[in-house]
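By written order: A, B, C and D. Residues from 1 in each chain.
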Amino acid sequence: MSTTTENDTGKSNSVHAGKPVTVDRYTGGARINHWITAGSLVLLALSGLSLFHPRLFFLSALFGGGQLVRAIHPWIGVVLFFSFLGLFLRFWKLNLWKREDGTWLARGRDVLTAHDERLPEIGKYNAGQKLVFWSMSILIIVLIASGVVIWDEYFAAFTTIEQKRWAVLVHSIAAILAISVWITHVYAAIWVKGTIRGMVRGSVTGGWAWRYHRKWLRELVAKPHAKDEKTTAAE
Amino acid sequence: MFPPVPNPSTGPQNPKFGENDLMRRSASSVTPPAERQTEVAKLIDVSKCIGCKACQSACIEWNDTHPEIEENTGVFENPHDLTPDMFTLMRFTEWENPETNNLEWLIRKDGCMHCEDPGCLKACPAPGAIVQYSNGIVDFVHENCIGCGYCIKGCPFNIPRISQVDHTAYKCTLCSDRIAVGQGPACAKACPTQAIVYGTKEEMKKHAEGRITDLKSRGFANAGLYDPPGVGGTHVMYVLHHADKPEIYAGLPNDPRISPIVEAWKGVTKYAGLAVMGVAAVTGFLHYMVNGPNRVTEEDEEAAERLTGDRSS
Amino acid sequence: MTNSWTDIKNTDLVIIMGGNAAEAHPCGFKWVTEAKANRGAKLIVVDPRFTRSASVADFYAPIRQGTDIAFLLGVINYCIQNDKVQWDYVKAFTNASYIVKDGFAYKDGLFTGYDEEKRDYDKSTWEYVIGPDGYATVDDTLANPRCVWNLLKEHVSVYTPEMVERICGTPKDKFLKVAEMISECSSPTKVMTSMYALGWTQHSKGSQNIRSMAMLQLILGNIGMRGGGMNALRGHSNIQGLTDIGLMSNLLPGYLTLPTDKEADLETYMSTRGFKPLRPNQMSYWQNYRKFFVSFQKAMWGTAATPQNSFAYDWLPKLDLPGYDMLRAFELMNQGKMTGYFCQGFNPLLAAPNRKKLTDSLSKLKFLVTMDPLDTETSRFWENHGEYNDVDPSQIQTEVIQLPSTCFAEDEGSLTNSSRWLQWHWPGGTPPGEAKNDNWIMAQIHMRLKELYRKEGGKFPDPIVNLDWAYADPNEPTAEELAKELNGKALATVYDTADPTKVLAEAGQQLPAFAALRDDGSTTCGCWIFSGCFNENGNNMARRDTSDPDETGAYSKWAFSWPANRRILYNRASADVNGKPWDPSRKLIEWDGAKWAGYDVPDIAPTAKPGEVGPFIMNPEGVSRLFTRGMMRDGPFPAHYEPFESPLGNLVAPNIRGNPAARVFKGDLEQFAETASEEFPYAATSYRLTEHFHYWTKHVHVNAVLQPEFFVEISEELAAEKGITGGGWVHVWSKRGSIEAKALVTKRIKPLICDGKPVHVIGIPLHWGFTGAARKGFGPNSLTPFVGDANIETPEYKAFLVNIEPIAGPVA
Amino acid sequence: MNVELSRRQFLGAVGAGAAATALGSLGFGEIEAAHAAAIRPFKLVSTTETRNTCPYCSVACGVIMYSKGDRTKGERAEIIHLEGDTDHPTNRGTLCPKGAALLGFVNSETRLKYPMIRKPGSDKFERVSWDEALDRVVRLMKDDRDANFIERNDAGVPVNRWITTGFLAASATTNETAWETYKVVRSAGMLVFDNQARV
């Protein structure tokens, strides 16, 4: 796991000629990290939802029944927490708010209507992605903290019932928000074609980078070795 | 003397209530029976209770539980709390009455109150793990219990306990197996002074009235019945000498109700949450329908090629 | 109990003093709650600790342990001073008017005739003036200064409310409130019941504690009444029956007494047991003593007991001492004078005082035989259990034979409860392993011993080889066969003495009741007071008819109540001199002009005319005794004596230590802490908890859960003084031993202010040992003194001195 | 004693109208054909009932023992439950914390099952047969009795006493056992004889 931030694929030559041009966006490690996070989040959502609303209890069958859901869910939460921690450490710097992010956000209508040409040039992440990143970071901290409070099998003795009641409420609200953020995140990936391959194959097309993250593309082109100073990649 | 609980019969028995008499079933909807069974109740007269723990003993024996032998920690509560193997517990409070300066040793049998509006059932996410019969008994169904502990959060009286052995929740069943065959609960049968009596809720209220009159004649001006309306009344009620201050009886809640936090969690959050998630998904769907996908154009690719042309290998 | 458990519902006032009925007898205590709920009865608890009985009481007053006599004589004094006496009852039914001999006096704590050397009295002056007609002289006006009433009045006058407060530590206002509530029961229509147990018996003056209350109850007119009486809450399920059958050193069944070796023959023996009436017309029922005795001898030795050999009188062992009670037995063992000892369902290592002495004594035996359904500490006294039984087995040469017996669930027979009900029970379980019924075990011992004597001869085998043993299977007599022997049968036809044509029982038939017993050898009866329990009507102990006309609580068709199925003793006294009930709503029996009739079997001859025959038919006076003549070793009136170990001196008799007539063995006196000892400043008392039964239920998992570990109870004040925290460990020690325990700090024990000084009470419950399911622990008897009551040798477990200090934890 | 016959005796005797709680006629709705899953089967069905009294204190509460197997039919009987006997006038079905846990006494792990002997100086009990144990007991008794029995006192009066071996009798054995014990002990001339009445 990287001990500092990562701004690139970690390869010296991340832009590859061709038709189309391909640009490396995620290393294998990052992708594994992401998909573990994604998978655990999905499992958590499914198992959590099964306990959230009676109509969704049928989902517990996916895990072999309610007892297993109760037993497994917190452990998946632990996996998610550490997995997401990995992502966080990789990407937090790239998600720091930049001036253009405000402009981007202010032109939300253009964003939603796919008038990307009217948007300012954006680095590796746009404001929407950053919002997903930060809200998930906060929500996951809230979820793990409240989750531990209601993890009765091991931690029942450490808090009062009243604290647990608050925790369970907070946990469910945070989970709803997290799922909503997740829906946004997934929808955005589906809506913006060419995005998913970045997390599947690790690379995107040059056109994709040009259209959505032109500033990032320009940086890659301009300073191909810049990342060497910034990364001690562990992958 | 209040009519004692009759001796059990050993002949084949038909249970007098069952699935068809469910009023509520956790995480499920049931059609309540057209006619409600007569409500039953256990009345615990704290002023007659001698704290002998016969109820605990009978409870362990009848339910075949095996509580741990603990240590003495300088108190009379043994075990020290309710456990998955101890469904009822005498709680002892040494209270100096500021009005009389007399010591009063308040001894209250703690255990499930069998609320008319059971918080445990409301909180329970597992369909059918907690049921409420139309006679008022709230029972845990262990095959359906997933051990999540939500019932503990839902309960205004801090009663259910999760077993670390089978990871299901335990509490007083009001001896539903005995009541189903026309018996009374094991604790009520054993109670030496009939501080615990069992019958219909109406009978219990009437019996309590007599007890309260007696207590008032002995100087307990605030004697009264504890049948808290905040949970719709309970099917385990107390006669208290100081009904104006239930909290002196080892923290018996003054006005118990299902916690507003739990209400919020199991009420508005549940629906609002589904709505929020649904809205998010639907919004995405509609957005897609209206706007179609956001695609990279040929011009974008070409622009990229132009930009990277000199750099690419 | 003079009355019964179910009768308590008829009372107006319950006084629990010298006991803790709610904890020790919860299901009997039910009838107190019934009286409270249905009659508006009140409950008073007087105890050093605020017990669970006190938790449901209307009034609680604290008292220092061992000062009950001062308290009760204080109440009697209050009643006399305030004219709260049921005069008609006292004058007609007690010996208040009897004139006492001139020599009798009480001074400085002693009655006339004390011999300090022997610690005993010459009781010759403790007697009535006998007139020329051979009867006791009485003065119905109570004017004679030497009549019992005036002597009593004088005797109790020192016990003023102020003196009670100084001695007992009971605040004066609380004492006065109790006295006032009690005194209200002097009305013929208000009745108090006394419920007591070991809190009164386990003192060096235990018998006098009880007498004090009995006297008070007589003064209030509460003996013989529904809802009244003296109700001893016996500890064990059949301790009443074992006492009735006389399994004691000096007793024969039915409260007959064993001869002493001064009574060389039957006639000499009978000469002191004639019980000639002391007033005209009185029944003096013990006049029938000879019938009971001869029938017993016939039950023992059958055809071998003949008029010619004085019904085998010589075969009874003769006493050279007042008795060989348990304490004397261990004293003799300790002196090396005993060879063998049997413990049948008894665990003296924990139950007897001064455990160190017990261990030493048992170690000096050649053999010890134990018979129990459960493992006991006594049978393992030689086994090392660390600090809990710190012995070296190799140094103990006692051979121990442990015999496994069945328990209640596996055997059949009757038990006599506190209400004197003999109730039959049936076996329902198969015994574990090779456990055997006691009947089989005792038969085996007898049969094999007899066989040895037959084979080898030996010392005086006659009583053994001639013991009547005509059971169908001599190896295991059945419960029914033995019960029939207890009831008795006719060996020849028995005719009614009043009407010789009327046959009471044909030869070979079971006797209908003890009225059919004869002294000529024509009847046999194991225990006369049980007679009627298994007659030609069958096994009356197995009766299960719950009918109770007018709900008096008598249940006279349920089981069998000795004597003669009588449910309330002295029930004749429930009616006035003319035979009308004192309180019509409490009618038991009444005189209908020709005979006595009512709800209960009359405790008087059915045709004995009221006004002529007194209600206390066992007494030669026909009345009850406020003055006991020479019948108690330590005085005809109770007097306050401090416990042998006491935090303060005797305020009414400063020169007296302990009970002057109590027996103290050489060596034990040196092991008592001195009065107001600085080394042992705290007043300790031992007791039982409701969660456990003696040393049995520590073997039961459930009870071990409910009260897992040994502890001592102390006040918040003492805890603060000594730096003891609740749940922390303490070390408690007396002059005889030392224990470690958890501390339970409570508001329910408060320091008592006695004679101006605070006395701290330390409560020590007794249920733990080194066998069973509960945690290993000590018991109070590592600390208790080896001294008993002057009359019956019950050890003084309830009042002794200790010291206490906090410790880090037990030495591993 | 046939429990079934006398089951309702008590309530009947005290006047059913006033005494019977309305529960008997509650009208619990339709009787179910089978137990609901929530309600465990009533565990006393088909057990054998036997009346007994509690062996602990002297209230002598009536108890009913429920066993698998019937002793009266010569079967091996294992007691699985004990409960207060409502027909009993004193306890009316109630039991205290000790009585309610009587099953734990009957089935205690520390119930004694076999005769044992601990030899002088030994640190353990050894299992022996009943014959060995009993023969040893009477041998020890007779040797001591023959050595220390006192036939006459100094005055020449026959006293026939044996005070070197004593007997401490129980507190919970039946009257019948007590009587048999009395006969055996007294006929041997024992004076050191006491019971638990004092403590």
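As a convention for this text, contacts are C-beta pairs under 8 Å (C-beta built on N, C-alpha and C of every residue); 3 or more make two chains touch, one makes a residue touch a chain.
Since the structure is predicted, the reported quantities are computational estimates derived from the model, not experimental observations.
Think of the whole protein's Cα atoms as having one middle point; the chain whose own Cα middle lies nearest to it is D.
Put simply, the chain farthest from subunit A by mean CA position is C. Subunit A and subunit C have centres, each the mean of its CA atoms, that are 84 Å apart. Averaged C-alpha coordinates give centres for subunit A and subunit D that are 73 Å from one another.
Mean C-alpha position of subunit B lies 49 Å from that of subunit C. Here the CA centre of subunit B is 40 Å from the CA centre of subunit D. In subunit B, the positions touching at least two other chains are 1, 52-54, 56-57, 60-61, 192-194.
With touch defined as above, residues shared between interfaces to two or more other chains in subunit C number as follows: 26-27, 30, 690-691, 701-703, 706, 773. The multi-chain contact residues of subunit D, meaning those touching 2 or more other chains, are 48-49, 82, 84, 87, 91-92, 94-101, 104. Touching chain pairs in this entry, ordered by label, are A-B, B-C, B-D, C-D.
Considering their complex, residues 13, 15-21, 23, 50-54, 57, 60, 65-67, 69-71, 112-114, 116, 150, 152-153, 156, 161-162, 164-166, 168-169, 172-173, 175-177, 179-180, 183-184, 187, 190-194, 205-211, 217-218, 221, 224 of subunit A touch subunit B. Within the complex formed with subunit C, the subunit D residues making contact are 1, 6, 9-10, 13-14, 48-62, 65, 67, 69, 71, 76-79, 82, 84, 87, 89-92, 94-102, 104-106, 108-123, 125, 130, 133-142, 144-149, 151, 153, 155, 157-199. Those residues of subunit B lying in contact with subunit C across their complex are 1, 47-54, 56-57, 60-61, 66-76, 78-79, 86, 94, 96, 102-107, 192-195, 210-211, 214, 217-218.
Across the complex, subunit B is touched by residues 22-23, 26-27, 29-30, 33-34, 36-38, 40, 50, 52-56, 58, 60, 690-691, 701-711, 725-728, 742-748, 773-775 of subunit C.
On the side of subunit B, the complex with subunit A involves touching residues 26-28, 125-127, 129, 144-150, 152-153, 158, 162, 164, 167, 259, 261-262, 264-265, 269-270, 272-274, 276-277, 280-281, 284, 287-288, 291, 293-305, 307-309, 311-313.
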